[in-house]
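Following are the structures in question.
In what follows, subunit A forms one complex with subunit B and a second complex with subunit C.
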Partner chain A sequence: MKPRTLYEKIWDAHVVERREDGTCLIYIDRHLVHEVTSPQAFEGLRHAGRGVRRPDLTLAVPDHNVPTTPRVGPDGRLLPIADPASAGQLAALDRNVAEFGIPCLGMTDARQGIVHVVGPELGFTLPGATLVCGDSHSAAHGALGALAFGIGTSEIEHVLATQTLLLRPARTMEVRVEGRLGFGVSPKDLILAIIGRIGAAGGTGHVIEYRGRVFEEMSIEGRLTVANMSIEAGARSGLVAPDETTFAYLKGRPMAPGGEAWDRLERWWRTLPTDPGASFDRSVAIDADEIAPSVTWGTSPEDVVPITGVVPDPDEFEDAEKREAARKSLDYMGLSPGTQMRDVKVEHVFIGSCTNSRIEDLRAAALVARDRRVAPDIRQALVVPGSGLVKRQAEAEGLDRIFIEAGFEWREPGCSMCLAMNPDKVPPGERCASTSNRNFVGRQGPGARTHLMSPAMAAAAAVTGRLADVRELVTA
Partner chain B sequence: MTRIVLLPGDGIGPEVTEQARQCLAFLAERRELDLAFETHDFGGIAIDRHGCPLPATTLAACRAADAVLLGAVGGPDWDDAPERPEAGLLALRAGLGLFANLRPARVAPGLEYLSPLRDDRVRGVDILIVRELTGGAYFGAKRLEADVASDDFAYSREEIERVAHVAFAAARRRGRRLTLVDKSNVLATSKLWRRVVAEVAAGYPDVVCDSMLVDATAMALITDPRRFDVILTENLFGDILSDELAVLPGSIGLLASASTGADGTALFEPIHGSASELAGLNLANPAGAILSAAMLLDHVGLTELGFLLRAALDDVLLSGIATADLGGRASCSEFGAAVRARIDARLCRVDAVRSLVGVNRGMTA
Partner chain C sequence: MSGVTRIAGRAYPFGRRNVDTDVIIPARHLKTLTRAGLGRHAFEAVRAEPGNVFEDPAFAGAPILIAGDNFGCGSSREHAVWALADMGVKAVIAPSFSDIFAGNAFKNGIVTVALDQAAVDRLLALAREHELTVDLATMTVTSPLQDRFPFVLDPFRRDCLMSGLDEIALTLSSEAAISAYEAGAIIPPPEKA
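Here is the complex of A and B:
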């Protein structure tokens, strides 16, 4: 048999029907549902008189619109949600999961959180599985070796009704990172460096497999951060081969299989890594030693610069289109060429999002925040754990005290300030050091200026009031 | 185990090297690192004891080591020696295959007042010169007659490529900007440098690359030093420009350098000379040697400790403790002890916070 890549093996194992035009009907093993992209899909099912084919393979969690302030009043009742659109979508999700019999971790469930944090930590996400969710950052689940795609509302309806999806095979791309991440360099810096290197459209049409020593040595939390941002490199999805780290992470998780079923699956999972001699359509090699703690300066995740660098001069870009885009970006961001990144002041800090809200992210930020104070010019510094379970573990480790004593707000789990769909927003013209995944125009609120970075770097920005080199803070 | 060979050399070399060694040993002890030190004769002292500046045993030890830390060599004692101590340096570079010289010059926030330039000119200056070390006019054929002389100034593609890769990789770790400095309006070698560096640059699309004539660079280093991140240049220009750059931080005693080759061994040394008139007086500034030790830590993969050592050194300078070259009253050993006290203070905080927050797998910060 021809040597195959990890992606090709998972794909081949899920083909229900191959069509003449090259598209394939693919079986879907796992479907995550949230409140924003699902209402019309359920409405469509209702209209056509269809049911949900496999509610047992579907899991619903509200995350995008939920407030991160306390949700239950002193009387034990749910507090009302101010924004009528958000309230409507959240109520619709409650109605839909009840009507169609879908398991749901509601707003008061201790396990509620961001779909991409909840899926892996409950063991809902499994290696070798196909997983979909109506959200751009679904590739995160590829960290566990699941082939995961973000899908649109009509596709959500199709999966709910048939548990299949019509897809066109992707091209394969290998991003190989050898060496070791240096001091102060986190998986977030790594994925920003990868996007900076290949560009925001560099992975278009491809599924990326992250390979090499750096990923082999990386924790699942770190791999989730990397795979999460595959879409920001334009890729359809991202994958890391399942290994001992993956199995150790998943074994015993509440929704992961146990006993004989686990043993049988584990034997199969061990056959999934890319065969020696398998070829990728494209390969990129990056030396981990060349990566520094980084921040973004513009309005695309590819606009990355080491924290020791300066705001670039648009005239230095060779491509005319890039020159124009850089000019627009700098205008929006209120930055002038040549400014040291370390001189850029921020007013907001957001530590959270499906990219960076897991326990290791919070530990890394706490390491910097401990025994320090949020700088006086910071208007708001939020720490938003990715799920109720992350929150509980962080509190057991005392991380909440570290953040609160430093002057951060310790919030309830949700997507929060990543996307301005809930009360957590950055006001126009103000600047935010953010651990989220998109620095697009208006992403964190109309006119908001976003600088993407790692949790430790965001904490460093909070305690200094400007973009700062975390290496100087963790050695001080 | 990390094997470090110490070559204290002559003049003030032994006393500054000893302070750097003590800083490394202190870090190793506190972090339970296996650093092994060996001291070997090199320079004038080697001429006295072995009859040549680079004895075979010294070279063999350097080759087997992970890194070499050198103090300084030379002095009036060996003015009439058949082979001068400085000849040992050339032999050592050749023996270790060192072809790139890296010299960083940084003005730490708060230390602008030490510079001969105005504060606003030098605030935030952080430049790395990468100088080609084995080619060009210094190593070409030489002809010296009564009324005519010439130096052959030659470069090959391979010599340019390998040092360019060192500079581009360094730029990626820093501010991702690189300036090639040459004299391409008149020199053929410079035209080759431009062509080859442009080809190498294609492999580093994320590094912004430009070029500047050496005469313009000499001026810009004074008028607008912040415009530079990494400067890549050939041997002769690099020799001159790196000394010009060395003036910016305020004392030649504050600067360090590294020389690297293809096979991994690297040589670290302060840029100052042996200053024989100060030898043994415990007055020399060990900052350059300590900074060299920090570069050494980076090189052997202990980047966290390299950062910490640099930060501790900045702390001491910011606190006003200084040796005589900077108008202070601290002795060489007092300055070294102050740096170790700051290492201790910083490590205490790091360890306390670490133990409270737990250690992350896969995240080093």
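Here is the complex of A and C:
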């Protein structure tokens, strides 16, 4: 048999029908649903008189619109949501899951959180499974070796009705990282460096497989951060081969199989890693030792520089389009070429999002925040755990006390200031050190300026009031 | 959805690269329960820029949009496509598109035409003065000045666009195959949360 990649093995195991033109009907094992991209899909089902084929393979969690301030009043009842449109979407999800019989972890459920944090931590996500969600950061679940990707609302409706999607195989791309990440360099710095290297469209049409020693030695939390941002390089999915770390992470999680079913699956999972000799359509090699703590300077996640670097000069970009884009970005960001990144002051800090809100992220930030104070010029420093379970774990470890004593706000789980659909926003013209995934124009609020970075770097920005090199604050 | 064969008219000569879905429709406008009415919020931040093409009356209601590479990158929000459709856009021409955006566009009957940068640059210049035509039958973009740029479309997508096919109905005709797959599925359903 021809050697196959991890992606090809998962694909082949899910083909329901192969059409003459190469498109395949692919079975979907897991479907995560949230309140923003699903209402029109349920509306479509209702109009066509269709039901949900497999509610048991579907899990709904409200996350984008939920407030991160306390949700329940002293009387034990849910507090009203100020924005009627947000309230309307959350209510619509409640109605839709009730009507179609879909399991849902609602706003008061202790396990509620961001879909991409909840799926892995409950064991809903499994290696070798196909997983979709109406959210482009679904790529995150590839950290566990699931073929996971974001879909649009029409595709959500298609999956709800048929539990399948009509797809063409993607091209494959190997991102191989050998060496070791240096002190103070996190998986977030690594994925920012990868995106900076291959570009925001570098992975378009491809599924990335992250390979090499750095990923083999990385925790599941770290792999989730990396795979999560595959889409910022244009790749709809990113994969890490399942290994002992994956099995140890998943075993015993509440929604993961147990007993014989686990044993049978684990035997299959061990056959999934890419065969020796399998070929990728494209390969990129990166040396981990060369990566420094990184930040973005512009309005695309590809606009990455080491924290030791300077704001680039648009005139030095090779093509006219990039020069023009860089000029527009710097104008929006209020930055001048040649400015040291370490001289850039920030007013807001956001530690959270499906990229960086897991327990290891909070530990890394707390290590920097411990026995320090948020700088006086910082208007708001938010820590938003990715789920109720992450929050509980962090509190058990005393991380909440460290953050609160340093002057951070300790919030309830949700997407929050990553995309500002709830009340957590960066005001126009103000600057945010953010652990989220997108520095797009207006992403964190109209006119908001975003610098992407790791949790430790965001904490360093909070305590210094400017973009800072975490290596100068923490010793090895 | 009705089929589409030919899209002719003015084209917004937008030209920008890496146009993300937050630029097409910011997240604060995603709080809708229906597909309609998003056009008025499309490109909101761009519309505030002086001299932008979206506020230029010459292009009002144009059915074609021309952009730079990686159009529609970022979020999976289909609202970006609904917003374009609501403002009357039926075809987008760019050097490249994000995969999720292209899929969403197709499912809403919007044609994504990928042409090389030189062709896109020529069309950006032409669009200032002239109408353009995107023809799915001949798979060409043409101008009144005899420009003719052939493009490639996935045959399945082209057929669906031209016939206005309901993809869910098509898939449901494979019910027997889906049930057979489920009977031997490798991944069991999740345990109860």
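Here, the second predicted complex is superposed on the first by the 475 of 476 C-alpha atoms of A that agree within 3 Å, B and C clash if a C-alpha of one lies under 4 Å from a C-alpha of the other, contacts with A are read in each partner's own complex, and residues count from 1 in each chain.
Here is the rule we use: a residue touches a chain if its C-beta (ideal position, glycine included) is under 8 Å from a C-beta of that chain, and two chains touch if they have at least 3 such contacts.
Source: prediction; values computed, not measured.
In the superposition on chain A, contact is made by A:A92 with subunit C only, not with subunit B. Of the two partner chains placed around the shared chain by superposition, subunit C is the only one that A:A420 touches, whereas subunit B remains out of contact.
Contact with neither subunit B nor subunit C is seen for A:R211 once the two complexes are overlaid on the shared chain. Contact with subunit B, but none with subunit C, is seen for A:E290 once the two complexes are overlaid on the shared chain. With both complexes superposed, C is the one of subunit B and subunit C in contact with more subunit A residues.
In the superposition on chain A, A:R4 contacts neither subunit B nor subunit C.
Of the two partner chains placed by the overlay, only subunit C lies in contact with A:F440; subunit B stays clear of it.
Touch criterion met: A:R180 reaches subunit B, while subunit C stays clear of it. Annotation: subunit A has no residue touching subunit B in one complex and subunit C in the other. Contacts from subunit A toward subunit C in the complex involve residues 13, 16-17, 19, 21, 23, 25, 27, 29-30, 36-37, 39-40, 43, 48, 50, 53-54, 56-57, 59, 64-65, 83, 85-86, 88-89, 92, 103, 105, 111, 122-124, 126, 128-129, 134-136, 138, 149-155, 157-158, 161-164, 166, 168, 170, 200-201, 204-205, 231, 234, 236, 254-258, 261, 265, 268, 300, 302, 321-322, 325, 419-421, 438, 440-443, 446. Residue ranges of subunit B in contact with subunit A, taken from their complex: 124, 126, 169, 172-177, 205-206, 208, 210, 226-227, 229, 301, 303-304, 306-308, 311, 346, 349-350, 353-354, 356-358, 360-365.
Considering their complex, residues 180-187, 196-197, 217-219, 221-223, 287, 289-293, 305-306, 308-310, 312, 316, 338, 340, 343, 360, 363-364, 366-368, 370-371, 397-399, 402, 454, 456, 470-472, 474-476 of subunit A touch subunit B. Partner subunit A is touched in their complex by these residues of subunit C: 16-18, 20, 22-23, 26-28, 30-35, 45, 68-70, 73-78, 81, 96-100, 103-104, 107-108, 154-156, 167-168, 170-172, 174, 177-178, 181-182, 185-193.
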